[in-house]
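Shared between the two complexes below is subunit A, which has subunit B as its partner in the first and subunit C in the second.
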Partner chain A sequence: MEPIHLYTQRKSWISQIDPLSKLLFAFVSIFMTYLFSSITITCFVLLISIVLLMVARVLKKIVPLLAISFTLLLSIIIVQGLTHPTNETPLLTIGSIVFYQEGLTFAFLITLRVFNMLAAFGVLILTTKPDDLMESLMKQGMSPKISYVFLSVFQLIPQMRATLGKITDAQRSRGMETEGSLMIRIKAFFPLIGPVVLSSLNMTKERAIALEVRGFSSKGKKTFLIEEKSYFYPKFIKCVLVTLLIAAIVWRIVG
Partner chain B sequence: MSKIRVEGLKYRYPDMDKLVLDNLNFEVEKGAFIGIIGENTAGKSTLCYALTGLVPNFFKGAYGGTILIDDLDEISDVTRKVGLVFDQPFSQMTGSKTTVYEEIAFGLENSGVEREEMRIRIDESLRLMDIEHLQNKNPYDLSGGQMQRVAIASVLAMKPDVIVLDEPTSQLDPKGSDEVFQVITKLAKSGITIIMAEHKLEKLAEYASKILLLHKGKQIAFGSPEEVFSRDDILEYGIAPPVYTRIAKAVKPKTQAGFYPVTMKDLMQQWNVGDK
Partner chain C sequence: MKNKGIWSLNFSTIVIALIPIAVAINYLGKVIIETLKLPLWLDSIGTVISSMLAGPLIGAFTGLINNIIYGFTLSPISFVYAVTSVVIGLGVGIMAHKGWIASIGKAIVIGLVVGLLAAIVSTPLNMMFWEGTTGNIWGDAFYLYLASIGMPQWIASFGDSVVVDVPDKVITVLIGYLIYRSLPKNLIHLFKNNNEIEKL
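The block that comes next holds the complex of A and B.
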């Protein structure tokens, strides 16, 4: 059975970094790409996340996510390329359809930002035990429910992927074609997506009940099985990230 | 161990017209093994939720009557004493723990149990469920039967007086089902009250001390397996009695007590062919 988290156990110093530092890195990294609407800076920030994923030996794991998001981003690229308000310079003509440089540049920036978002959170999720992340958030005073909701967001993809696999097999056994031309795949999409969503909702409800009966909503003080872990320079990393963030904001305001 | 008293229990889910549980009255002695049977929509799962306090606290709706556990009716007291195991072992895993050992600790961490005590209880649950060899494995790497045993161990570590199981073997293969029944029987023998909704009637006939038959939310019968499965009208409630009872019905009259045998052992005894 497939686990419902994306954490991949690999030996690297990235795994030894405090989950909160990685969370802070993800936020700082995303914030930077919005603070400076520059393709160069966004590329640089994305490169840092990619290098970290490589060092953590989990880069392969992020590629399918980037590929899926790119298929969704294609619509943004097309729409911006055709209709962005600043469109002036034609770049590509297909029949009577003209794509403009300004729109495509803007769409490229959005694509880079989304890729960076995925890669930065990938550093956090792929290299952090889900339990460590939850515990770290709870120790900072976050309510267990919010911590679990936060975690659940990252469990959605593997959970739905596992359910989709089962339902696809079930529908195939009933004679449904799920592979072949684009039309066949589109036809197969609707009979698959309904049961996947319903089944996921049902499983989520059952998991909520299972957590409830194991005292998840208990108001008393919680304890932890694992003693406080020692991480790789947690304060130093956080200080560097916060300093970088402040410097970037000041530079943006002053510059 | 706890004694359970259910008096006039009624419940209706929100936005539904019909009662799902309609005036249930029964009493469970400490350390008993009760089987709940009935066709789909009989109210078995809802009764399990009611016994654990999820109805009406998690599932809202119209609720009436009382469930008293050791004469306590405060829901916080009730949930502390009752553990629940579901049909789907996969959904019972937290998804945040990466080893069986940590998975079992989840409920104890929530309850604020001290670390030393936590380790003692986890080791005891692992031993009782015979899954010590799985403690360092990822819960998602286990088979359905093993995962269900982890789910039971997680509940057991909370030291409940009563364990309610809602069709715990429905998703399992015969080997997995046997594993689960064996451990549940072991728990019942250790004095924990077991209440189990189940469709595998041969197994219930063998292990349960009493059977509660539900039909469309109503309590039809509550008695020994022999008493309930010997009812002439049992098929009307969508229940096919255990195969041994059906054979006995077809071949021989009822026993002196007025019931049919429900297990192979009883059948052999009735036919005087020994227990070999």
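The block that comes next holds the complex of A and C.
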């Protein structure tokens, strides 16, 4: 069964960094690009994210993420180029359609911000195993129940996708059509979603019993099975990030 | 310790087991839509069902976890819309417990209300992060139309979100309702008196 998370195991010093620091980095990086409406600063922040992705050797993995956001970016460029409130200087005329310089410059800034959002979170999600992130959060006091909910999704989806495959085959063998006109395809939706939901909701009871048998809601102190990983100066990195953030805010207010 | 009302955040084991399954249903709904190539999203069927079964807070939590998981597996853009998912869970849960899941007509009303709520919450997010567009072709075409007749940016953005969210949420809630209605009664009661299973 194919895992659904985007983490790939690569040896680099980015994977030696504490998941929480990477999470903080993503927030600080995205916040910076929205704090300053400056293309130069946004470019610089984006460059840092890209360098980090390169160091982590996962730069190629970011491309599919960019592809998903393609329509969002395209519509931002068209809509802002045509209608942004500050539009004054015509730049490009296609027939009766006029693209304005102000709007397109603004669209460029937003595009950079979206790229940075993807790249900065990419540093976290492409180099961190979800299990490690949850473990770090639990050590910070997050409830293990939340961590269970989160991690079991990663197990469940591939498993349920296999069930969906079986259901699709079964319904097809009974004559359900999955191709053809829109009406035929809409009709096929219910015989697929119905059994999937029923079989999975039935599973909740079994899973709850299985959890209880293992003392899931016992009040005792939880211990960790996996040996603690040692990360690269977690406190130092977090301090640097927080200092940068405060410095940026001060600079924005003063400057 | 029977039914403690709709605002009890009771993380009993059965509810804990429900949340990941609801998120997986969201995901599979999306997979089915993609296999059948239908022009819809319908990626919150699980959230809607979990709200109907276990109340608004659990529905909201399902929505939150759902978008975090999407952020980790599909696109980080989903993190932005986590608030919208939370509101969908809350809206459906509250209306369901006020007795609005009684007929198809009422379910459509839930869908309309939740769709509008989702649009109200999404608009400031869209304005803040990408100056008002949603990235959906129909919605953004409507934005262009509204902007071209001289509407202010935030009204155009709200119109954009309404066009995207309302039809989708109406259909999602309707499907959620049809599934909920056909669930076996013992399954529904499992979540209503949700302390049963802990006493094993």
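The criterion applied here is as follows: the second predicted complex is superposed on the first by the 176 of 255 C-alpha atoms of A that agree within 3 Å, B and C clash if a C-alpha of one lies under 4 Å from a C-alpha of the other, contacts with A are read in each partner's own complex, and residues count from 1 in each chain.
Note that in this section a contact is a pair of C-beta atoms (placed from the backbone, for glycine too) under 8 Å apart; a residue touches a chain by one contact, two chains touch by 3 or more.
This one's a predicted model, so the numbers in the text were calculated from it and none came from an experiment.
**Student:** Considering only the touch criterion stated at the top, classify A:Tyr148 as touching first (subunit B), second (subunit C), both, or neither.
**Tutor:** both
**Student:** Touching A:Leu23 in the superposition: subunit B (first), subunit C (second), both, neither?
**Tutor:** neither
**Student:** In the overlay, answer first, second, both or neither for which of subunit B and subunit C A:Leu53 touches.
**Tutor:** It touches nothing on subunit B or subunit C.
**Student:** If we overlay the two complexes on their shared chain A, which of subunit B and subunit C does A:Met160 touch? Say first, second, both or neither.
**Tutor:** In the superposition, A:Met160 touches subunit C alone.
**Student:** After superposition on the shared chain, which partner residues are touched by A:Gln80: those of subunit B (first), subunit C (second), both, or neither?
**Tutor:** second
**Student:** Touching A:Thr178, do we find subunit B (first), subunit C (second), both, or neither?
**Tutor:** After superposition on chain A, A:Thr178 lies in contact with subunit C alone.
**Student:** Tell me the contact category for A:Met203 with respect to subunit B and subunit C: first, second, both or neither.
**Tutor:** both
**Student:** In the three-chain superposition, say which chain, subunit B or subunit C, touches more residues of subunit A.
**Tutor:** C
**Student:** Applying the touch criterion given at the start, work out whether A:Phe224 contacts subunit B, subunit C, both or neither, answering first, second, both or neither.
**Tutor:** Touch partner of A:Phe224: subunit B, not subunit C.
**Student:** First (subunit B), second (subunit C), both or neither: which does A:Phe216 touch?
**Tutor:** both
**Student:** So which bits of subunit A does subunit B touch that subunit C touches too?
**Tutor:** After superposing on chain A, subunit A residues 4-5, 130, 148, 152, 203, 207, 209, 211-212, 216 contact both subunit B and subunit C.
**Student:** Which residues of subunit B touch subunit A in the complex?
**Tutor:** Residue list for subunit B touching subunit A: 49, 52, 54, 58, 79, 83-84, 86, 88, 90-98, 101-102, 105-115, 118-119, 138, 140-142, 147, 151, 154-155, 158.
**Student:** For the complex, give me every residue of subunit A touching subunit C.
**Tutor:** Against subunit C, the touching part of subunit A is residues 4-6, 34, 65, 68-69, 71-73, 75-76, 78-80, 82-85, 106, 110, 113-114, 117-118, 121-122, 125, 130, 145, 148-150, 152-154, 156-157, 160-161, 164, 168, 178, 182, 185-186, 188-190, 192-194, 196-198, 200-205, 207-209, 211-212, 216-217.
**Student:** Looking at the complex, which residues from subunit C come into contact with subunit A?
**Tutor:** For this pair, the touching residues of subunit C are 11-14, 16-21, 23-25, 27-29, 31-33, 35-39, 45-46, 49, 65, 68-69, 71-77, 79, 128-137, 140, 143-144, 147-148, 153, 156, 175, 178-179, 182-183, 187, 190, 197-198, 200.
**Student:** Mind listing the subunit A positions that touch subunit B in their complex?
**Tutor:** 1-5, 7, 9, 129-131, 134, 144, 148, 151-152, 155, 159, 203, 206-207, 209-216, 218, 220-227
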